[in-house]
Structure formats: C-alpha cells, structure tokens
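Both of the next two complexes hold subunit A, though its partner changes from subunit B to subunit C.
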Partner chain A sequence: MKLKSYGEGIAKGMLVTMKNAIRDPITTQYPEKRLNISRRSRGNQLVWNKTACISCSMCARACPVNCITMVTSRDENKKLQMDKMDVDTGVCISCGLCVEACPQKCLFMSRDYEKAVYSRKKLKLTKEDILMTDSSKPSGYYSPENETKLPKQTLLIDGKKWDK
Partner chain B sequence: MSILGRNVLPLTVHASVLAPDWPWGFWSHMIIFVVIVMAFVILMAMGFIWFERRVISRYQIRIGPNRIGPFGLLQPVADVIKILIKEDIVPLNVDKIIHLLAPAVAIIPAIMVFAVIPFSNGASLVDLNIGILYIVAISSISIVGQVMAGWGSNNKYALISAMRVIAQVVSYEIPLALSIIGVVLFAGTLSMNGIVQQQSIPFILLQPLGFIIYFLASLAEVNRTPFDLLEAEGEIVAGYNIEYSGFKFALFYLTEYTEAIAISTIITTLYLAGWKGPFLPPVLWFLIKVFAVFTLIIWVRATLPRLRIDQVMGFAWKFLLPLAFINLLITGVQVVAWPDLSQWVIVAVNIVLSAVLIVAFSRMFRTKGDKVEA
Partner chain C sequence: MALKTETFILNAGPQHPSTHGVFRMRLTLDGEVIQDVEPVFGYLHRGIEKLAEGLTYPQDIVFTDRLDYLASMTNNQAYVVAVEKLAGIQAPERAEYLRVIMAELMRISSHLMAVGFLLNDLGAFLTPLLYMYREREKILDLFDMVCGQRLTYNYMRIGGVSQDIPEEFIPALKKYIDSLPGFINEYEQLLATNEIVLIRTKNVGILTKESAINYSAAGPVLRGSGVKWDIRKADPYSVYERFKFEVPVGSVGDIYDRYRVRIEEMHQSIAIIRQAMEQLPQGEIQAKIPKVLRPPKGEAYGHIEGPKGELGFYLVSDGSTNPYRLHVRPPSLINLTALKELLVGVKIADAMAIFGSIDICVGEVDR
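And now, the complex of A and B:
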C-alpha cells in the first residue's frame, strides 16, 4: 500500500502553497523599490573616462551604425583634443564594439537602465552626458577587473530577504 | 445595536418577532431584508473579488492589487467602472432574445439563494421550513442561464462550454443533495435557521464525510478550480461568456462570485454552525466563517490543476456518489438506531469511518498500477 494513491500528492501540493503563503512575496514594487543589478550585468549605457582618452576616434570608426560623432583638433602643443563627441543613443545598437576598440580602455559600458526620454533630441548625448561619474560605474564588460569592484551579486534588496 | 463601536442594522433580532411590530408588518421587513440581501451580495461579491485576488497572490508569492485605495480595496470598484463603460457588443448571428436573457437568468437564482440564509438567529429574508430544499432547487436554475448563453452565442467554444456545464452540474447535483440529506437527518429540519439551532456541535464533526462530499461537489457545482472545465482557457478560450462584454459580462462575473459566496454561506450554515459562536456578535461569526470557507476554496484553487472532463465525471459517479450513499446510510442508522447515543461518540465513529471509506474508495477508484484512469 503506497501512500501515493491516497491523495499524498494533493496534500503535498496544498502544503507547498501554504508555505508560499507565509513567506515574503518576491514581487518588487518597481518605481519605489529596485533590485540590485547583478555584478555580471553587461549594461548598455556608455560612459567615458575623460582623463584617459587620447581622442584617437577609434570608437567612432568601430561603430557599425555610425552613432558616435567625434570632432578633434590640435591645441597649441600639437596635442589632440576632443571638441565634440556625440552619441546618438536612438541609433546605438549597444553592441559594445566601441568599448572593445578603445586602446586606452576609457570607454565602458555602465549599468543604468532607465534611459527613456521624452523627446528625440534628448537621445543625442554629448560628451558631458556620458562622463564617468560615481553613479555610472563601469560594468565588467570587456574589462573583467571592474567586475570585482562591484558589490556582490545579489538581487535581494537588503541582501537577506525579498522586499515585502 | 453596535458592532466594534459602529451602529449597524438590528440583524440579531428574530425576524418573525420583529415583523409585526413594524409599520406595514411583513412588507417593511421584506423591503429592508431585500435591501440588506442585495447589499450583502453585491458588497460581498466585490469584497470576495478583492479578497480572492489578494489571497491567491499570497499563495503564489505575489502581492496582488494594492494600489487603488488602502490595500487595493477599491480595485473592484475600478474594475466595475471599467467594465460598465465598455461597449456592449452583440455579435451578428446570435439568438438575440436568449443572448439578452441569459445573464439575467443566471444572476437572479444565484441571488435568490440568499433569501433563506440566516445571517444571525432568525435574521433572514424568509425562514422557509424547506430552506435547504429551496436552495438546492433554486441554485440549479443558474445553470440554465449559462446554457442559454452558450447556445445563444452562436459560438462553438461557448456551446462546448455549455455542454460541459450541463454534464458536470447534473452529475454533481446528486452527491451534493445526498450529502445535504445527512445534515438534515441529524438536524431533523429543513429550515436553515433550524439547522443552525440544532448544531450544539458543528455538523462538520458529525458529518466529516458529508462535508467533504458537499465541499467537492459544490466546487464543481459553481465551476471553480479544479472543476472549472467550462472556462478551460487552453481549450475553449473563455467558456460560455466568450461573446459577452460590458454589463452582461459583468453579470456573469457577478454570478460566478455570487455562487461562490452562496456555497461559502451554505457550508457555513450547514456544517460550521452558521452564526453560532462565543463572544462576538452572530453576524460577525457568520462573516468570519464565510471568509474562512472561501479562503479554503481559494487555497484549493491555488494548488490543484484543472481536471480532464472524464476525470471530473468519473470522480462524481465512481467516487462521490457511492460515498454519498454510504454516508446517507450510516447517518440514517445512527439517527434511527442510536438516537440517545452521545454525539461525541458519533463524532469519533464518523471521523474514523470517513477516513476508512475514503481510503477504501480511492483504492477502488484507481485501476492500473498507480495510474488513476478515470
């Protein structure tokens, strides 16, 4: 006589749902609460380290959709300087080839994901917009050493349990 | 009187005592109770929709609607407004009269059931001496509305759904009625209020097998999961109400929840001692029990998958029906042969008997190895 034939499965199932009913819900109410992003996230936001850049335009040439517009000039010491660097994110396909092409590793992917804007003009980012700041840290894409600097991978908000 | 510091209508006063003292006697009583019953049904339906969505989301580790109003309490109100301002589409080739009448035929009997439900001692619209018989008779008429909807819609899915409703409900009506008779035998009355008054210990203890049969059969009767074959989304899209929109659809939706409330209240009355209970006012006890039963129904819905049509039918005819007959026989013997036996002895005997019977019948129910065939 096996218990299986006498509704053991039903009892088990009822127990599972009951256990679920008393644990914390896994729903995150998005605009108010956000999950942490995985440290292995590639990201699709472009950030630019101004100090390391040598204005070589390799990123603009690597771009398959020509969304990076770069204008450079020589200053009085015959050193290249960046006059203009626009990234049209409306055209960008987030392929990451510009990041891979950069000889100085001064272009990175970053992990901001709320990039919707209200007008098309705002899709065109200038060099001020893509500057690397504290809030836009480079992701581990093409530079794995960055990954170790990021917080440990946990989706949970306080690291212990799901948000209520 | 007051509940939790708020003035409420005097539901606790016995209606038959109350009625002659009021101006116009019977009519004032009737008008007031019709209003109370209608308000109860509509408010409880909206409350149950909210409650079900919140509770089932907890079983599924979600939060559920919590944005509109405190705890999302106004969500059903928003749903009602949305559904009522929708366009009422009537497809071209429908049977217009039947298509129009179907929602009314479905909703009216579902609400009529509440006429005999005692919310408190004697507080019902009318305390019929054949109360439970009335409920069994009236609640079946709802099905006619669903069949009319399925037939009148000129839609193959609706028709299949209607056919399933007939097959299922006719099958489950029998164990349902037979399990009620067990209660009636113990109570010695068909009146709903009388049944409650007879329950010095709740009949769920005296009739454990009857309760299980009634619970499962009534789930099938009101087409709730796991017996919701009529709206099997994967097969027949939405069921009999597929061609309905706007107000008519709202009526069908309301019917569904009204029937769920109805079986919750009937189970409360028949098996859980209705309004009886210590300390709290009877109305509150009644509501607490109704919500407890409904939570159990939601729990079943959250857990069990939908059955196949042959499984559903086999379950009714091969499992519930014989058990209902045996339950009736046992109850009859107990009532006739040992009327003076202590009820607690009967409780113990019946709990053991029902466990043995369920195990034995699940043994018979399966056929090949561990596979349940029907």
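And now, the complex of A and C:
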C-alpha cells in the first residue's frame, strides 16, 4: 500500500510515549502502600453473626458450589441450633449469593483479601473462624448499614490518594 | 539436482504470548506461507452448559461470569434477558438503565483489550497494551464499587440488578466518561498514523462481506466487513430504542477496519452512557419475582449485542427450578470459524495479527 508520509506517525507516537514517561506513576507500591478497597468488596471469607442466625440453612442452599456444610439440630426447647457450619474457602467463588439469601441479614462477605495459608486444610473454616468478632471486617455487600461506615474507595480516576 | 522440499507443521500455542489464552493453531507451512490451519481448542473446557443443568436459574448467573471473562457484565445481561423472556418477567426501568450503563462500560473495556492485544500481536509488545490496561482499570474500579468484584461481577439478577449504585458512582462515571475521548485520541496519536501499523494492517486479512455473512460472523468482525448489523438496532432489547447512536462499519474488511470499528464503537458507547446517565430514572431496581423461580414449560432464546458479537442464551425449561438445557451462542467461537479462510495463503508473520483482530476469548470458545 501507498503511504502518505514516512516516519511522521512514528514520531507522533514517540511524543506520546515521552509525555507518558515523565508523568507520575499510577501504580501503588503494595504492600507498603494500600488503597482503600471497595466498600462492597467480596473477599474470600464470610463473617457470621451467630446471635441473629436462625439456622435456616438458606445460605447453604443458595451456594452454587456447595461449599457451606451445615448441620443443624433441635435443642430441648425445639429450637434449631447450628452444630456445624463449615465454609471451604478453597472452593468458594465469592459470588455473594449466600449473603443475599440470608433472611436475617446475619451473614456478610468479608473485606479481607490476604488469606493465604500454608495448608489446604486450613482453607476450610469452621463456625468459630467465621464468627463475627471485633477484628472481623464485614463488607458492605448487601448491607447498607455496614457500607456507610466504611471508608470511601480509592479510585484511579481521582488520581492518587493513599490512605497510609 | 532437484531440491527435495516438504511442508512443515508448526504449533502456535497453546502457550503462546499471542493466543489470547490456551488456544492452539496447527499450521501447515510451505516456507513462510500458510497452507492449512487446524484450530485446536478445549483446553479451558469446564462444562458450563452441563453444570448449569444442575443449578437453579439464579445460581447460573454466577457461571456466566466465567464465559467471556473480559466481558462478564454482558454475559450476565444476555443470560438474564433469556430467562426473563422464558419466564415473562419485566425488569423495572431503573434496572434496565443500569444494565445499559454497565453493558456499555463493559463494551468499552472489552474493546480496549481487543485493540490493545491487537497491537501486542503486531509486535508492539506490551507498551500500548498497558495504556489500555490503565483505562480499563478505571472501569474495573467502577464495577468494583457497584458489585464488589473486579472480574466476576455477578451483578445482574433475573428481573433487575443485585444492588443499586452507590451515590458516588455517577460523579465518578461522569468524570471517567469525560476523560475517555481524550485518552482515545492520545491512543490514536500513538498508533493510528504509525506507518508500520498501517502497512501491517491495511489490506491484510480481508474478510469479504459475503463470507462474513456466510460464516454468520457477528460484532466488529461482521461490521468491519461492511455489514450494518447490530442487535441493539436490529432487535432492540432493554431500553436501547431510546438512545441515539450510530453503528460504525468498515469498508474493506481488513484488520484495520476491524480496529477502526472498535475505536468508533467506543465513542458510540460513550454517547449511549451519556444519554443513559441523563435519563436515569429513580425507583425500584428489582421486579417482584417468586422466591423459587419455576418458569413455565417451553423454550426461549435471548440475545444481546455483546462486545464480541451476538451473544445468545438458549434455554429449555421443563417447569422445574433448574434449566433442562442451556446453550450458549458464543460470538468468539463463531467468529473463529472464519479463521481458516483468513489464514490460508498468508505469511506466518501476519497470522497472529489476523487472529488478534478477530478478538476471541477462550473462556467463551471452550465454555
């Protein structure tokens, strides 16, 4: 094919590259610096509020990959109680359907994202592991009360704003 | 003395920097000229269609995320459109508008990747691609804000969307949409007049109008060949009739035209998002649907214009909670059928560029 010019287009491209070479970097030096993650972040752990739970197993049934194992029984007052609630986070695909299915709104996605462990067995969390404590970080996914309490997400479009 | 020659078989892929995932092309070469091509795929087969039969309708949305992983939102949309057709559900207006905004953002993001990877395949290794990644990151930020994940959104629901947008979404979207044309221009300046790019893309990999139709190609591949066909105009779904936008087409059907169509479509998507933001009504985001959805016996085919072409879901219901059969019409796979015609007779150096210009996603080809 015939070209109108030779080298002009390449020079133009170089100019753009030069301009970009002298601007500030947009990447973050993780883990020294961290951005605020989304308020609705779906991390790979669940947070469970035991006191509100009615042991209805809706969450286990909603899960598309069957990673919640639940065993319930009735106590002497005929009240349902949770004997076992295992969440295999190695299988969990963080879809959030269990959280949406919970009628008591007592199950939350977690905002934790550093969840590497040394053995596969440790990926299986028991009900003690997912119990809501002061240190657990429930996310605002499907939970507007949590959402408003959390810090705003850092957006690349707003430029750099490190939280620490 | 007569020289003895023979053809040479070259495996391009499944681990190759330009195969866009695990896809293998078995090329039969005569010197540098391709004589035959045999695509080998299935490395990423997860049996999603079969899996879907064992799960309920709402649970299947999760697996549509994993088809075309560069355009999960539109996969969600295509699936819910099909289920809504099957069950006779109408989503509320606000939900439809939100779906349109998300789908168009997804289209921009997918096209950014497509043109970025195309230049990667042309030999501009990674540099232009990283410009694209930068812009795509801003879209992923927005999706992350809305649904909490960057890739597997699982955002749309049968009869609506999962959650309403947070209040900081619209200002951030406005800011992004205003900045995007500037970026596209910068990118055009970077490469569109580059002589090497022009020589390598113009009049290379020509797919004629007739063959494009015969292969039932769709999306930018079809429109690049000059056929004005876009499901958003031809069979409007959601609220697309309310927006003014053009359907850009190419003239020759070469790599360059497909590239141009994608760039123009990004501008059109920006226009659609602007209008959708203006018209966005208040109100419900989820229609009333039964807790356990049992669509009536029958079948339905719902299709939308995905970033890569017509994305359709065919559903058969036997009246139970699970689909009896789910079939996907993946645009990537069907566009790929034109590959043989495009590749036979060209030099090996152009093969990857042509392949890149089709823009496939292996997650969708293999399913």
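The rule we apply is simple: the second predicted complex is superposed on the first by the 106 of 164 C-alpha atoms of A that agree within 3 Å, B and C clash if a C-alpha of one lies under 4 Å from a C-alpha of the other, contacts with A are read in each partner's own complex, and residues count from 1 in each chain.
Going forward, a residue touches a chain if its C-beta (ideal position, glycine included) is under 8 Å from a C-beta of that chain, and two chains touch if they have at least 3 such contacts.
Computed from a prediction, not measured in an experiment: that's the story for all the values here.
Q: Looking at A:R23, would you say it contacts subunit B, subunit C, both, or neither? Reply first, second, both or neither.
A: A:R23 contacts subunit B only, not subunit C.
Q: Tell me which partner touches more residues of subunit A in the superposed arrangement, subunit B or subunit C.
A: Counted on subunit A, the partner with more touching residues turns out to be C.
Q: Scan A:P151 for contacts with subunit B and subunit C and give back first, second, both or neither.
A: The answer is neither, since A:P151 touches no partner chain.
Q: Figure out whether A:S41 sits in contact with subunit B (first) or subunit C (second), or with both, or with neither.
A: second
Q: For A:I10, decide between first (touching subunit B), second (touching subunit C), both and neither.
A: Both subunit B and subunit C are touched by A:I10.
Q: Please work out whether A:E100 is in contact with subunit B alone, subunit C alone, both, or neither, and reply first, second, both or neither.
A: second
Q: Check subunit A for residues that touch subunit B in one structure and subunit C in the other, and list them.
A: Common interface on subunit A, subunit B vs subunit C: 5-7, 10, 13, 16-17, 20, 26.
Q: Under the touch definition given earlier, write down the residues of subunit B that touch subunit A in their complex.
A: It comes out as residues 55, 57-63, 299-300, 302-304, 358-359, 362-363, 366, 370, 372.
Q: Sort out for me which residues of subunit C touch subunit A in the complex.
A: 55, 58-60, 62-63, 127, 131, 134, 137-138, 141-142, 144-149, 152, 154, 162-163, 166, 168, 172, 175-176, 179, 186, 189-199, 202-203
Q: Going by the contact rule set out above, which residues of subunit A touch subunit C in the complex?
A: Counting only subunit A, the residues touching subunit C are 1, 3, 5-10, 12-13, 15-17, 20, 26, 37-42, 62, 64, 93-97, 100, 109, 139, 141-142, 147, 152-153, 155-158.
Q: Which stretch or stretches of subunit A touch subunit B in the complex?
A: 2, 4-7, 10, 13-14, 16-18, 20-21, 23-27, 29
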